[in-house]
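Heads up, the next two complexes both have chain A, just with different partners, chain B and then chain C.
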Partner chain A sequence: MAAIQPTPETPLGPVATAGGPSRGRRLWSSLSIIFESRIATVGFLMVMFWIVIGLLSLVWTPFPPNESRFVQNLPPNTTNLLGTDNLGRDTLSRLMVGTQVVLLKTRVPVGDRTISLPIGVAIWGVLGSLTLGTFLGQIAGYRGGRWDQTIMQLLDAFVAFPSIVLYLVVIAALGRGDLVVIFAIAITGAPGVARLARSLTLDISTRDYVRAAETRGESQWYVMFREILPNARGPLLVDAMLRVGYAIFAIGTLGFLGLGLPPPDPDWGSMVNEARRFMFSTAWGVIWPSLAISSLVVGLSLLADGLREELNRYQR
Partner chain B sequence: MKVRRVSKKEMEKVHPAIPAAYEQLEQGRITRREFIRFATLLGMSAATATIAAACAPQGGGEAAPTTAAAVEGEATTAPADTSAGGPRRGGTITKSMQLQLLDHPARLSWVEGANVVRQMSEYLTETGSDNVTRPYLLDRWEASEDVMTWDLYLKQGVTFNNGDALTADDVMFTFGEWLNPDVGSSMLGLMSYLSGIQDVEKVDDHHIRLHLQTANIGVPEHLFHYPAVILHRNFGGDIVASPVGTGAFTLQEYAEGERAVFRRRADYWRNGADGQPLPYLDEVIYVSTDKDAGVAALQSGQVDSLYDPRPPDWQALKDVPGLATRAVSTAQALILRMRVDLEPWDDNRVRSALKMAQNREKILQLSYFGEGDLSLDAHVAPIHPEFCEQPIPAFDPEGARALMEEYASEKGIELPLRVVLSTKNDQNEPEIATALKEDALAAGFDIELDITEPDGYWDRWTEVPLGITSWTHRPLGTMVLPLAYIQEAIGAWNETRWSDEEFETLLRQAEATLDVEARRAIMCDIQTIMQERGPIGNSYWKNVWNITHERFQGIEAHPTAYDFFYEVYDNTL
Partner chain C sequence: MARFLVRSLISTFVTMFLVSVLLWVLLEVATGDVAVKLLGVFSTPEQRASYRAQLGLDAPSWQRYLDWLVGSDWRAESQVGFPLVTATNQITGERVWWADVDGTPTQWRLEEGELLTLQLQPDGTVATTAAEVGWSRDEAGAEFFWGVNEDGSAVKWVRGQGAEVWVLTKGGLRKEGDGPQQYIPLRKGLLRGDGGKSLQTGRAVSVTLFPRLRNSVILAAVAFAVVMPLALLLGIVAGVNEGRAIDRTISIVGLTLTATPEFVTGIFLILIFGIWLKWVPAVAIFTSPNAIFENPSLLILPVLTLTAVELGYVARMTRASMVEVMDTPYIRTAIIKGMPRGRVIFRHAVRNALLAPITIIMLHVNWLIGGLVVVEVIFGYPGLGQYIYDAAIFGDPNAIEAAAMILVIVAVGTRLVGDFAYTLLNPRIRYA
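Showing the complex of A and B:
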């Protein structure tokens, strides 16, 4: 059976033509692919739930998240819907604010002050690994030869280290802070992205439109980033979504190891770490942030799986 | 019934200072416990001192409690022994505690290791759960009036588990190990008043004399420092390979990180209430687990006790049916310390402001569930005999703010002042740090918390500008001050670099003053200096808990979590 060759625009939707649908309509038609898959829809709703919670926490929480104003280690009750932690702080308020670190804002020190950038640490980290990995993978896949061998062998050597060890090494060398966590996520995720980008490049570079561009005399950079990359973006974006899940786990792990945000600001990992010590008297403090981490990661995985199915369907 | 009395003449025969102490007891100026401590310190046997104290007139017999401190050894949920017929023999107690590498007892650096060694080896003295030190392998001790010469008289009839009798040769050998720099014992620093083994004299087979280079009243307490077990004269350097000691149990098995098994010795030198040799238990087993696994094991009945429960462990276990919880006041503290050689802590106004920003009740509640005694900003605890009662400083953010504003305007800086508070995520330091951060903002401090794992803090504990350091219990108030707050200790354990001439002079006086009341008068000045211009804040003194299955009787909570199993028995047998 002859496979239909995808055009540069097919993976993510219909061909855009001059004078065609408006930008909003195009965005909607791109997003609508999500709702064609039930799995992706469920994942999307789970992720959106946490984004909405995080956005809400920017303007409102039931109580100040760092204020010790209740009895310690209370179970869920009518005042504190998720109970209180070991310092008598409202768990729901802290859980809501913990969303910000993961998804919504990144704190960057500027002199004595700290400013907040939009988008959370996990997403910046994955964007970093996506950029670095795609760049290296495309060079390796398209240029081949010694470039391929050198880049991939270096990255393979890098992959040999357990990622948590790499995180710890980076943090030990550079200190704590959101930027360092982003850097750690970026460099530990880059080899995986590079492998995927390389295999996609090897596949796509055999296509006719790439040959046509080469025949036109386009530069290697043009071919790589204008012809190959747009056609590889679907699988790369799906992979990135899964990586956001891994990054959330990584942030949770670093928080658990005491390398996340400095206290008293809440992040989900450190909330688990703090509550873990009281697990034998009240397990609620561990359950809520663990549920938050797992539901967000499961949501992202479902979204990525659903999207992958739909993209494969389009490609068929 | 004829009641035995101890005359002042008898007291004077033991030491000339004892009758004066007895008069203070009669007048209600010291408590019975303080009298017993003082009299035993001067060489009176514990039994005689107890009788003498009991004979003091009732009106002045017991001074009013100096603080709201918990009564030492008080059983908070422990049931009274209802068994008829006294202690039972037999049975096994199993305890969860980490088991570390063991070799030379003089080199012990953790209480866990000492708890293991303590079952088979013994000390010359013993500081009990009531914080009173009594003779143990010693029959008695005597101090000269200038406290420069100490005579130690060994008990007769004590034997090692290899059949050899305990003599002065064993004690001389053990002192030699402590004072040998090659062994690396912490006793060497503790007994800095002995310049070497030449200051230890064997008078006869059961009599040793110590010639101190500087006066020190803490000798009996130092002899119960946890590495200070008495070794056999032929000890080869590895207690696991040759487990010879005078203790009531013999070591059957020791596997680091796994378990330790002890079995009772038939010919132990002390008798129990039934007139037979101690111990009552047949077997003691330590199982090496981490704390969380230990809590789960105790909850499920797989072990009978847990070493040194932390506040979360106490919370999880205190209401478990079948477990008895005993609390004891201690001199253990988490000290908020400031380096006075660095800005801004070199300015006493800033130090005072941070001390005033401590909401002590709140810090105690949030970090220790209220299970401790509120403290002054001085490193002397209510449990110390020479503690001078002074009012607990109030939480005063406005007063602190005023001091900080004065400092800020002088320096041309804006408030809040950003400072970094370093500590470790070990016991309950993060909770103290978090509570302080919240309340200190109103006083003009913006505290950034730098909380690392314990090793990360211990690597730099003397270097950080502002930190919270855990300090263990010491039975006398004069024991910790020379370690951490004098000029000589800078470069060692003086983590604040603070020294004060007046303070040091008073401390030297206190160290050479046997009379508790006179020492307390000096301590009042010492505490005042520390509060007014000292380098530390201290919100509370921690309680220590012993949580053991209720079927075991004879258990006591000890301020340093020491295990004493010799007189423990299972009342269900």
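Showing the complex of A and C:
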């Protein structure tokens, strides 16, 4: 039975098959599509810049990010390259560490200690919405009928509702915390993913290899997750990349509204929010984190945009 | 078409119902004790319990949801025994509940163990007399009376057992004897057009909500009127010149603007135009309810912020659709047969290229609302977004639910308008 494998059609690299090219080669062939497009390359470099900064901040920052040791609200100078904030903390160090919470680590309270998991809040959130959305979308698309109607009606109810308000309510209700933000991002992103997954499933389930799997009596779950899902991967991944951008956008906005990730560890939105009060005397405090958020989200959008263009050309 | 309309209406109601239940559950599960927020952390448990009872928060959750949806006067009426009516208070303009005793609006008060009747006179004054209504007797032999108190709640007094209640006044909490044993706060319910009282302000939700909605609609409408022509124009220009420098510039600038959060754009605009150049007001402080009409420059920065965020998105959609249309055989034919380029673009391409953006623009109103929340918070603009923000932070269920219902209507309504616009522009689509 295992001999019949779905024909790989996504350009993001074939499904794992025995005797195919090695893992490294396949990773490289997936990555190389980025460099086909100039836009994607620029985006990739912008994202990599922040990832490198974040990784660097794990081991080194110019000064401890949470320590008030300087004069408050300094403009950029030779000691503090980007100036200091309203509590006399080094802005550059805080900006660097701000990368971690969105991209690199998630803080989870266990008992009264806090442990850090790898991978940032934005990415976990998008993974959550990807999982939930794909699951619902595939059921709706593959089972059809009443399942489709019920799920889509439920999701429409969600979509009809501005996500920022949903964030506000969820966080106002459950309190601040990395897990709450992840939950909120996952929930608000899921309907969009589900719509995409549903349309992809509707399309793919007409293919011969799906018919073949059904004929040989595979279970519905097998068909959904082993036959359809791998072939819907490309568009879903590109969409997910855009969503990471939106998630960072949302985390920034929440931080700005005073509902972001819990202090004292810096996140960019909260930095803007704190510095905003001093904007009329010194503008540096709001400029740097604002630029950081924009550049990271712009980078991710460029990357996703370029990739989508390449994928479309590839499929045409 | 009629069937399509009916179906969308039903779907709207189902959506509203689902959203309201969802929000209710969320608020129910997670909001902390509202009494603590209202009375402060130094209030005692008895004070909180008494206050919660007065707000009707001691009733089970499903009961309160039903009250919110269809009103509580139904079940209170069977207890009180008189029809319950509302009369408008001529000073505050708010509706107050009265029991209709033989045509006279009546409330009751328990004072020193004696029941007093307050009768609303036609000239708006209240006459206080000793009550003639007798007490009823329950199985245990205690004498009780269900009436409407001066706050407009249906309450149950028990003779000789005036409960000690804590009443929140302007001067703080005051302890009162002669209190009722049980409260049912009266309300008409959302389905009959009453959103209930905001816990935060103590006033009816609609009193605050509608002026706020008006401000937001003005802001959004102005932003819409600025964004749409500009974005469509830029999108068409970029789409016609696909791949050239002007297309690249428009696309990249559009993408950057879209990917920049509203608060970042807003802050930069404040910095540049409000603080450095001092051209326009940096905040939108309303000194009177009609401040936008008296001083329209308050709107400039909020509108610019919304414009920046929306512009890129719509322009990109229009561009993509334009590029697709310009690639079709009929456009190629028109060009090859020697038709002037301007005519090809405006007579043939644009009409078809606008189909997709118009639906997307309508769906995008949701985003505009999200943007409104942030923009209103940045500029201190008293609109619906700020209202929701405040309500969500406070955990004010009536306010959140009422605002949410308005948002759902707006979102679903704009989607319907989008669908209609689509049928008008594209005669191939018919809704069965």
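Keep in mind that, in the parts below, the second predicted complex is superposed on the first by the 299 of 316 C-alpha atoms of A that agree within 3 Å, B and C clash if a C-alpha of one lies under 4 Å from a C-alpha of the other, contacts with A are read in each partner's own complex, and residues count from 1 in each chain.
We take it that a residue touches a chain if its C-beta (ideal position, glycine included) is under 8 Å from a C-beta of that chain, and two chains touch if they have at least 3 such contacts.
As the structure is a prediction and not an experimental result, all values here were calculated from the model.
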item	value
First (chain B), second (chain C), both or neither touched by A:D112	first
Which superposed partner A:F280 touches (first chain B, second chain C, both, neither)	both
Greater residue coverage of chain A in the superposed arrangement, chain B or chain C	C
Touching partner for A:A173 - first (chain B), second (chain C), both, neither	second
Touching partner for A:N66 - first (chain B), second (chain C), both, neither	first
Which superposed partner A:W221 touches (first chain B, second chain C, both, neither)	neither
First, second, both or neither for A:F35, with chain B first and chain C second	neither
Which of chain B and chain C A:D305 touches, first, second, both or neither	second
Touching partner for A:T253 - first (chain B), second (chain C), both, neither	second
Residues on chain A lying within both footprints (that of chain B and that of chain C)	279-280
Touching residues (chain side chain A, partner chain C) in the complex	153-154, 156-157, 159-165, 168-170, 172-175, 245, 249, 252-253, 256-257, 259, 269, 272, 276, 279-280, 283, 286-287, 290, 293-294, 297-298, 300-302, 305
Chain A contact footprint on chain C (complex, rising order)	11, 14-15, 18-19, 22-23, 26-27, 29-31, 255-256, 258-264, 267-268, 270-271, 275, 366-367, 369-370, 373-374, 377, 388-389, 392-395, 400, 403-404, 407-408, 411-412, 415
Chain A partner contacts - residues on chain B that touch it in the complex	292, 295-296, 299, 310, 312-313, 315-317, 362, 365-366, 369, 418, 425, 430-431, 433-435, 437-438, 448-453
Parts of chain A lying in touch with chain B, wherever the complex brings them together	66-68, 72-73, 86-88, 112, 258, 262-264, 274, 277-281
